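Shared between the two complexes below is subunit A, which has subunit B as its partner in the first and subunit C in the second.
Showing the complex of A and B:
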C-alpha cells in the first residue's frame, strides 16, 4: 500500500511507538527486577540495592526452592487445575456460545438465555452463599472446588458469541445444504475458523486459573492442598500484632524477599512458556476469502 | 482495605447467624453404656487440670499456621510432620490423651479469620477454636453457639493462667472482655504488653560525633541534625538522612515500627485512640487541640530535612533498605526492633551498633506510651460439645505445664518454636502482661549468679542459651548468629532499659468497633491521614486542622463518638 507520509502521520507513529514502548517497559521492568532480586544475596536485597541486575549473584534461593516440597506439591495442584479447568471452561464456552450466536429466528429462546447469562455476569450471590453451596456439595478440599464454581466464564462466552456472529452466515448455510448436522457445522466449520478467538479465550482461562489464589484460600481447608498462588500469597501475609514470642521469629525472617521472589519467578515460568505456543493462533482474517459475494 | 474486608466478613457472618437454626442438640451423653468405674475415670479426668483421659479424645478445631512456609522444616527431624501429627499434637496426646482433627487450617490473621467466618456461616463450627476478634465472639454469644465456661474456668484453670489474668489489674482484665451477663463465654488469649517505643540510634555514629544520648525533643532534634550534617559514618559524603518515618505516621502503638507516635505523645497528643477528656467522656485523640503542636513541629522538621523528605511515599521495604544500607541511623520502634532486618543486616555486614534510648520524653522526663489491649483473641467451645473442659486443659498445658516440663517431648516443642512453622493446635497461651520483662529478670538473675539455671522455664532457657552464644561469639571477636543477636539485643538490652526507665502508660478508653464504624471509619481514617500528611509536608497550613476537625465531626465522627460513649457506659 502506498501512502504519502505527512508530518502529522509521522509524529503520530512516533507517539504510538513511544506509548507502546512505555507500556512494555512498565510490564517488563518489574519482572526483571523480580528476577534480579531472586538471584541476589539477601543482604543486598534487604538494603534495596537490587535494580535490574543481580547484586552478589547467587543461586542459593533456587537450590532451596528445589527442596521445598510444598512448593512443588502446590505447583502440581495448579497444573492439574489449569488443565482440567481450561478443558471444562472451553467445553462450556463453545457449546453455549454457538447456539446463542444464532439469530432469534432460528433460536427463539435466545433472548431469555442471553439475559440470564448477563444477569449472572453482573450479579453474584457473594462469597458466603458460594462457599455454602460448594461445601454443601462436599467439594471443599477437592480439585473440583477450584474448577467447578467458575466452570462457565460468562465474559468469555460473550466474547465467543460475538466472534461466532462475525463468521459469515453463508458458511453455515452452505454446510446445511450439504446436509451437515449442527454439531458437524460447529466442529468442522466454526471451530477451525475460530482459532484466534479460541486461543484468546483459552489463554484467559489458563491465566485466570493459574493466577487465582482466592478460591484456594476459600475452599481448601488444608494448607497442603493449596494451589501455587495461594501458597505464595500466604507467605506474604503481614503480621500486624505481636502477641507472643513465636511471632518475633517470624518478623525476623519475614523479609526473606529473595526467596519469595524466587517462588514468584518460578511460578510465572509456565505462563511464559505457554504464550509463544498460542501466539501462532493469533492470526486474524482467516475467513477472508471464504465467501464470494 | 484489609480492615474493610475484615469488617465485611464479620458483618456477613453476623447476618448469616441470624438466619441460622440452632445446631445444638443438647448435651450428648457419651457415658451411656459405661460401667460405674469407667464413668468415674472419665469424671476424674474431666475435673483435673492435667487429668489424662482414659481413652483418646478427638476434637475438631481450626489450626493457626505461621507464614513461614513449610520449607523451614526441610532437613530437620520434623520434615514429615503435619498439622495433625507434630511436636505439639504429640505432646498433647501424651499428656492429656487428646488428638486434634482440623476442620480448617490457615495462616494466622486475615486468612484464618476468614475461615472462621466461613465456618460460622456454614453452620459448622469446630468443637474448640480460637477466634481472633471481639466482634466474632459477640456474634457467637448472641446466637448462642458457644458453651458457658464460667465453672470450668473456676475449677480447672491452673495458677499460672489465673495469675496471668490478674496481672493486668482490675479495670483491664482480659476476663472482662469475655464475660457476658456475668458468664465467662471464652478463654481469652492474652496480649503481650508491648511496652513503650524507643528511639533506636546508631551508637557508633553517636560516638563518631561525640554526642550524648538524647532525651528531650530538643536534644533529639540536635542529634538528628548532626546525623544529617556532620557525616556520622565518616565517609566524607553527604549521604545520610535524619529520622525515617512510616507513611502511616502513627497508630497501632507500638506495633507500627517506624511510626512516630512518641513525638505526638511527648507533646501531650494521643492520636488514633479513644481517650478520656476532662469531663470523663471518651473522645478521639486525633481531633483534639493538642495535635497542632506536634504537627507544626513535624512540619518544621520536614522543611529542615530532619525527618526523611520522602517519607510519605516510602514502603516498609524502602525504609528497611535505607537503614540496612547505612544511610539512616535513627528510627522509632518497639523493644523487639532488633528482630527487624534493618538491624540484623547492619549487624552482620557493618560494624553498626544500635542503642535504644528513652526519647523523646514528656514533661516529667518519661516517655508517654499507650497501653495495648489485654486480650488478643478468644478460645471458644461449641455448645453441646461433650468435653468442654478440654479447651481449658489444653490452655493449661500451653501456658504452664509445657514450660516447666524438661522432658524430651518438651524439648521437641522448644525446637519447633525456633522453627516456627506450627503453633499449638489451640492457638492460645496465657501469659502475664509483663511476661517479657519477667522472663528477662529471671535470666538476668541467672547471669548474675543470683539464681540457678534450673529455675528457668524452657522458654527462658532458650533465650538464656541464645544470650550466652551471642556473648561468647562477641568475646571471641566474631559475629554472632543474627538470631542470637536479635534475642540478646531485644531481651537483654532493650527490655532491661524498659525495666530501668519505665514509661507513663495511657490506657485507651475504648478498643473495639461500633456499628457506624463499619461503614464510615475507613473513610474517616483516610481523611485524617491525608490531612496529617498534607500538614507535615506543608501542602496545607496548620490553620486548616480546625476545618478538618469540623469535617471529621460532620462526616460521622460525632455519631461514632456518641456510640463509643454508649458502648463504654454499658
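Showing the complex of A and C:
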C-alpha cells in the first residue's frame, strides 16, 4: 500500500519535472535557433537545416553587419533615445510621485492632481490626434518625437507614489523639525532609501525605449532616422504585405534570413546585458505595484 | 519660528511654503500631460468632423455622428470588433490558466537552484519586443519550420499557420501566452509563498495526497489573486495586442486577425482617413474607459483592492 502510494508520487514528480522543463525549453530553444541561424552558412539556412547548432559555421553575416552603416546609425539613435528618454522619464517620475505621495492633509490639492493623473493613465485620445499634436509641434523627424510624447510614464509614477508612501513618516518628520526643505528631504532621505524602486522604474523605461518601434514608424519620415527596432521592423515588414500564400512562401525563402537573424541577435545583446539587473528588480517592482493606491 | 515649524511637522500639516514647492514640482509633469494626453483628447473631436489637415480642427466641417454611422455600416468594422473581442478573451483565459498551472508546478519542485534557473529563462521572452519575436515566431511556424516538421512526424500536411484563417488566431493567442506566461506567473508564485504552511501540515496529517492538497488548499488560496488579475485584465478586453498582430499579420488573415488598433492605424495613418480612424479610436477609448472603471469596482468589491 505504502509502496504503491510512493510510486504514484514518484511518477507525479517525474511528470512535473518534465512539464516544467519542456515549458522552460520552449522559451529558450527558439532563441537559440535564432543565434544558430545567424552563425550558419546561407545555403544551410535557406534549406532550413539549422537546428540548435550552427551548420557550416561562419561569421560572414557578422562581418557584413559591422559594415552596415544604417544598422549602426539606427543603433546609435536607439542608444541616444534610451539615455535621453530614461532621464526624462525619471525626472517626471520623481517630481510627480514625491508631492503626490503626501497625505491630503499636508497637500490638499493632491486629490485633484491624482485624479488628473489617473485619468491620463486610463483614457487616451488615440494615435491619430496624438500624431497631429506631435507634428503640429514640429517634433517629427527629431529625437524629441521619440521621448516627449511618453515623457510622463504614468503607470511608473503611480508605482513610485506607492513606494514613497511606504517610507516611514518619522524620517520625514524628524528632518522637517530640523528645518529641512521639501527638496532637501527628497534628495537626502527619499531618494537614497528608494534606490531599488528607482532602479526598477529606470529599467522599465530602458526596456520600453529600447523595444519601441512604433513611435519611430509614426513620427520619422526618413528611414535614416529610424531607431533600431523600427529599422528591424521594416526589414521584416515584407511579410505583412503579402496577399497570397505562395508569395509568403517565396518571400521566406528569398529573404536573407541569416543576415536578418544576425541583426536581431545583435539588437538583443544590450537587453541581455542588463537582464540580470532586470530580473533582480522587476519582481520587486511587481510587488510594489501590488501595494495599491 | 522653529517652534511653529515643529508643531506643524508634528501634526502632519504642511506649511504654505511646502505646498508651493509641491505645486511647482508637479507643474512640468502636468504641462506634459496637458500637451500629450489632454490636447489629443480635444483633438479626438475630429471624429465628429470631416477633418482636413490643411483646415485644422477649427476650420474643418462638423458632421455630427456621421463617421460613426459610416463605421457601423462597414461589415469590416463589425468583423474587426469581433476579432478583437475573441482574441483578447482567449488571451485573458489562457494568460490566466497557464501561468497558474506553471507556478503551481514550479512550486512543487524541490531545489532552489533549478527553480531559479527555470524562472530566469521563462521571464526572458517578456523583455523582448514583438519586432524581434515576430521573426522568431514566423521562423518557428513557417512552412518548413520546426512546428510543421514536428507535425509531419504524425503525418500532418504542412500548414501555412500565419497565412491561414483557420489557424491565425490560435497562433496569436498561443505565442502571446508563450511570451508572457513566465512573467505572468510571478504574481502567482508570490501568492503561493504566502500560503500558511500549517494548512499543508494539517492536510497531510489528515492523509490528503499532494494532488488533493493542491486541489483543496493551493487553488482555493490562489483564488483571490486570480479573481483580482482577471478583473483588472477585463478592462483590457479591447486591447488584443497591437504590437504582436501588427508584426505578424498580412492581408490574407485580416478576416480573422485584424483588430481595432491595427484597423485604426491602417484607416487613419496609412489611408489618411483621419476622421474615420479617430472615430474608431474614440469609440474604443470610451468603451475601454468604462470597462476599466467597472473592472476596478468589481475588483474592489470582490477582493477589497483595486488598482486605483
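Keep in mind that, in the parts below, the second predicted complex is superposed on the first by the 230 of 293 C-alpha atoms of A that agree within 3 Å, B and C clash if a C-alpha of one lies under 4 Å from a C-alpha of the other, contacts with A are read in each partner's own complex, and residues count from 1 in each chain.
Everything that follows uses one rule, which is that a residue touches a chain if its C-beta (ideal position, glycine included) is under 8 Å from a C-beta of that chain, and two chains touch if they have at least 3 such contacts.
This one's a predicted model, so the numbers in the text were calculated from it and none came from an experiment.
When the two complexes are overlaid on their common chain A, residue A:179 makes contact with subunit C while staying clear of subunit B.
Once the two structures are superposed, subunit B and subunit C can be ranked by residues of subunit A touched, with C on top. By the document's definition of touching, of the two partners only subunit B reaches A:46; subunit C does not.
In the superposition on chain A, A:16 makes contact with subunit C only, while subunit B stays out of contact range.
Shared-chain residue A:207: touches subunit C; no touch with subunit B. In the superposition on chain A, contact of A:131 is made with both subunit B and subunit C. In the superposed model, A:95 lies in contact with subunit C only, and not with subunit B.
Contact with subunit C, but none with subunit B, is seen for A:30 once the two complexes are overlaid on the shared chain. Of the two partner chains, subunit B is the only one that A:222 touches; subunit C does not reach it.
Comparing which residues of subunit A touch subunit B with which touch subunit C, the overlap comprises 48, 126-128, 131-132, 218, 236, 239-245, 248-249, 252, 257. On the subunit A side of its complex with subunit C, the touching residues are 5, 8-9, 12-13, 16-17, 19-21, 23-24, 26-28, 30-31, 33-34, 37, 48, 51, 91-92, 95-96, 98-100, 102-103, 105-110, 113, 116-118, 120-134, 137, 148-152, 154, 157-158, 169, 173, 176-177, 179, 181-183, 207, 210-214, 218, 229, 232-233, 236, 239-245, 248-249, 252, 257, 260-261, 264, 267-268, 271, 275, 278-279, 282-283, 286-287, 290, 292-293.
Against subunit A, in their complex, subunit C makes its touches with residues 2, 5-6, 8-10, 12-14, 18-19, 21-23, 25-26, 28-30, 32-33, 35-44, 46, 53, 102, 105-106, 108-109, 118, 120-125, 127-129, 131-132, 134-140, 142-146, 160, 162-164, 178, 181-182, 186-187, 190, 209-211, 242-243, 246-252, 264-265, 268-269, 274, 277-278, 281-282, 284-285, 288-289, 292-293, 305-308.
Note for the complex: subunit B touches subunit A at residues 12-13, 16, 65-72, 74-75, 82-83, 102-111, 114-115, 117-118, 121-122, 124, 189-192, 194, 252, 255, 317-318, 320-322, 324-325, 334, 336, 339-342, 344-345, 348-349, 372, 376-377, 417-418, 420, 423, 429, 431, 436, 459, 482-483, 486, 490. Subunit A meets subunit B in the complex at residues 43, 46-49, 64, 67-71, 126-128, 131-132, 135-136, 217-218, 221-224, 231, 234-255, 257.
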